[in-house]
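Okay, structure first, notes after.
For clarity, chains are labelled A, B, C and D in written order, and residue numbers in each chain start from 1.
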Amino acid sequence: MKFGIIANTNKDSSPATLASLCKLLKDRGHEWVLETDTSCLIENGPGIPAAQLKDHCDIIAVLGGDGTMLNASYRIGACTKPIAGINTGHLGFLTSCSEHELERLISAIENDKFTVSPHTLLTATIESTDGSQRQFTALNEVTLTRGHTSRMVSLDTRINGEVLNQYRADGLIVATPTGSTAYSLSAGGPLVAPDANIFLVTPICPHSLSNRTMVVADSSLIEVTPSEKTEETLFFNADGRDIVEVKPGSHVKIKKAAHVLPLLTISDTSFFKTVRTKLRWH
Amino acid sequence: MKFGIIANTNKDSSPATLASLCKLLKDRGHEWVLETDTSCLIENGPGIPAAQLKDHCDIIAVLGGDGTMLNASYRIGACTKPIAGINTGHLGFLTSCSEHELERLISAIENDKFTVSPHTLLTATIESTDGSQRQFTALNEVTLTRGHTSRMVSLDTRINGEVLNQYRADGLIVATPTGSTAYSLSAGGPLVAPDANIFLVTPICPHSLSNRTMVVADSSLIEVTPSEKTEETLFFNADGRDIVEVKPGSHVKIKKAAHVLPLLTISDTSFFKTVRTKLRWH
Amino acid sequence: MKFGIIANTNKDSSPATLASLCKLLKDRGHEWVLETDTSCLIENGPGIPAAQLKDHCDIIAVLGGDGTMLNASYRIGACTKPIAGINTGHLGFLTSCSEHELERLISAIENDKFTVSPHTLLTATIESTDGSQRQFTALNEVTLTRGHTSRMVSLDTRINGEVLNQYRADGLIVATPTGSTAYSLSAGGPLVAPDANIFLVTPICPHSLSNRTMVVADSSLIEVTPSEKTEETLFFNADGRDIVEVKPGSHVKIKKAAHVLPLLTISDTSFFKTVRTKLRWH
Amino acid sequence: MKFGIIANTNKDSSPATLASLCKLLKDRGHEWVLETDTSCLIENGPGIPAAQLKDHCDIIAVLGGDGTMLNASYRIGACTKPIAGINTGHLGFLTSCSEHELERLISAIENDKFTVSPHTLLTATIESTDGSQRQFTALNEVTLTRGHTSRMVSLDTRINGEVLNQYRADGLIVATPTGSTAYSLSAGGPLVAPDANIFLVTPICPHSLSNRTMVVADSSLIEVTPSEKTEETLFFNADGRDIVEVKPGSHVKIKKAAHVLPLLTISDTSFFKTVRTKLRWH
């Protein structure tokens, strides 16, 4: 089997973990290719750009934490090869195993003892008044928030063309089930089991106290427009990565992406167990 | 067309509204039958028990508010005939129109200008240690709560056989999308659009502050068991109606009911609009 | 110096800890008396009832956790002698030190290296329609809640004679700063530093979503009356201990008690540190 | 009696209301002076700068809403003359009466039928690494928040020199009782009665779910420092007015201001009633 490997190049422990993984793959008779930056960690070889990695391997392994996974999912792009996250730090929601379980992971893959859990992605399109469009993909969430010089934003929000609400708030978060454990949670949103086919629409610090997260079917088209009277600049953000100024008069359309993120899961990994541990329920 | 009619018999205005409805039906050439208690409001006729009403009509009309609808849905039982709620008081989440829109409702029905919105129901089965089983159906929610002499309950909760959490709380609510605007909301749960296929699992006053509502797919089997060490009595409740003592050692299984509640909706009725109005967002 | 000692008699480790404490006191040349039940743990002597303990010692030592402290504070009654909690389990909010710090505690007392932190108590008076009155004291909170057969209570609440709100909820909690880390917190209340002279009035599962905790000065008279239309029984509860049925027409007056609970604190004990640890902020 | 008058000069109705007030004062034999900008609304006279108004009158009248009051309190500066807010729009928390109650207000003042409610102010001092200091006063709250390019801020927070917490959040709000109904409320903070001598410390979208508002005595010194590792810029904001970039290494000290805002209150004005109305509790 052939592995494509991406590692968090900012982490001191990455070269060692990467070396262990490569040695293990070699011992087991597997092949691998390294992503360009990752390649510099241990080899002189040129490596392969992240966006092309999926074309050169059967399975993608990512070394790092949830942040690395989030970043890698973005750089890899639409992909049908299973992606296995190898956690090099704290327990994560997106990773398949810890760096101390490399053998277990490889054995599971060799013996077909894994499942592929398709994670829904969001596509957001910002349409400006000049007709231009920009498109973004997110695994966790997209947000529209006030800049630091404004006191609030006023956002007309529609679901499938129907008015949901005009939110007056610090901002609005549209999150996937995956994103339910990220920023959405800090803003008061609920947790979502991976197999619930929904999105969460959550205002940040809403002026109206009775505002709550709205759970909508993930087949919904969510449209957000700064209210007409608004002259404030606001900021769009996908997965905390792309930050884009949204001019008055713009229009943001959010829906399920055409592709999913196929995360590899090995047995004994439970979303609920990870939630209990990460949120310190016990 | 033939209507089966149930009215809230505790409401002073019911006889007048009922008379108006019957007159309108007569003028339009429709037939109707009345539920037994409803029958006593304006006729001497015997009427038909609520549970048999569906077999004697094409459409069921319920006069009252959300409480009357909740109660009627229970008394009618599994039913495929459309149910139209006629609101005689405040705006409701379950009613189709107000009592001032009777003509509009009948015209919509005559001209096939309505949709039927299938509302998911919950089935809960309480299995006792002696092997006996009791089954309940709920439109809004089922709850398991402490009695007034206990300080809390400890509830082992599983989703599809997998441990979700051992909740230490005043109780636990499992709600449908319909129930998201009822008790679940008071306990901090999110709002849910009618087409999101999920259930909400929400602890009441949890001891662990990081506990939040868990959104699960409505295909899930939710099992709740008083924790082994618990000797406290707890109480099961379906839609605030059936209140049942749950003995230590019992086991509660909650899942989607085999049938749905087919609520009639006429155009211009919007869940989001009702939410905005009822929750006073503007 | 003379110590009066109360231990949690339900805890297996109590006799050993008690013996250690007594030995240490003897070695250091101190005297002690034991509370009646505590006395049975290690001695044949008769002991002294908890309510009289304060008259026979200079300082009271309580062995157990926060629950033991809560219970002891009730049994000791109004008392000006410092009370030192010795924690025999998890870190507590009310205890002065752990059972492994007995020497440190005694040295601090011998060298006057402690402070006495006066903890505000609540007095609640239930006035019935027949003119009878019952009075209760609470260190954490008093609550008025629905019974398990009701859906909610409706409570007219006044502050210093002025209408605060008619709460429609599962119940209402009036908490001291000490109680801010207990039941009030589960119901969504804020944390309160020990030197803030306030009470917290927090509805449990309120029907109105914009209801929030109201922070009032601890000089306030808080009056709670079941709303006129209410026929439901409700239940009064002080510190989760006294549970009293409150009949329709009754009236509950809540204010600061005339006496405080003088808890002994030794250096390095910080309320904020305990909060961070107990609530797992890090 | 001599009145100093400030009006919201951006409001179309201000000239008419101002004229009514002046006519009424004239009819009743009172004198008045106008603030400079206000003066331009109806007179050619030069007017008096807001900061000097208190030296030329017995009582200050402010025409506008809560925003105008907030702004006026800042421009007037430390002041012992009673300030009466005359509401020209929605019901407010800071105003004494509506524009339709001018006669009632003047009569109350003439007959000494008013009270002066001292509203606590916050003083915040930003100390930079170069030793420079900037000082700000706030009636509602001061906030420290992330800029729109950061994901969060990490804020070391101390109360009276003791560590409260290292907050990882979108920001932190320190609010007065007056500010408890403003931004702090949107972020989840409790309501505070005007006579409770406390400040509220509330994180905005905290990463740790168990974070809650901390209520501290208003005699407390609150110190907030960006955590050492933080390189992100953050923004300080007093009453949504002054927005200041806070460089890494800076230190913010927050405490009760030496002076209060003496707001005039006439009978029948109740904080709780205003809360019930503004938050739509009924």
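Here is the rule we use: a contact is a pair of C-beta atoms (placed from the backbone, for glycine too) under 8 Å apart; a residue touches a chain by one contact, two chains touch by 3 or more.
Just so you know, these numbers come straight off a predicted model, no measurement behind them.
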item	value
Numbering shared by both copies at the subunit D-subunit A contact, with half separating same from different	same
Most widely separated chain from subunit B, with each centre as the mean of CA atoms	D
Geometric centre distance via CA averages, subunit D-subunit C, whole Å	36
Rounded Å distance, subunit A centre to subunit D centre (Cα mean)	41
Whole-Å separation of chain centres (CA-atom averages), subunit B against subunit D	46
Touching two or more other chains - residues of subunit A	185, 208-210, 212, 279-280
Subunit C-touching residues of subunit A, taken from the complex the two chains share	208-210, 212, 280
Residues of subunit A touching subunit B in the complex	159, 162-166, 177, 180, 185, 189-193, 195-198, 200, 208, 210-217, 219-220, 270, 272-273, 276, 279-282
Residue ranges of subunit A touching subunit D (in the complex, touch as defined)	145-149, 151, 169-170, 183, 185-188, 204-207, 209-210, 235, 240, 243, 279-280
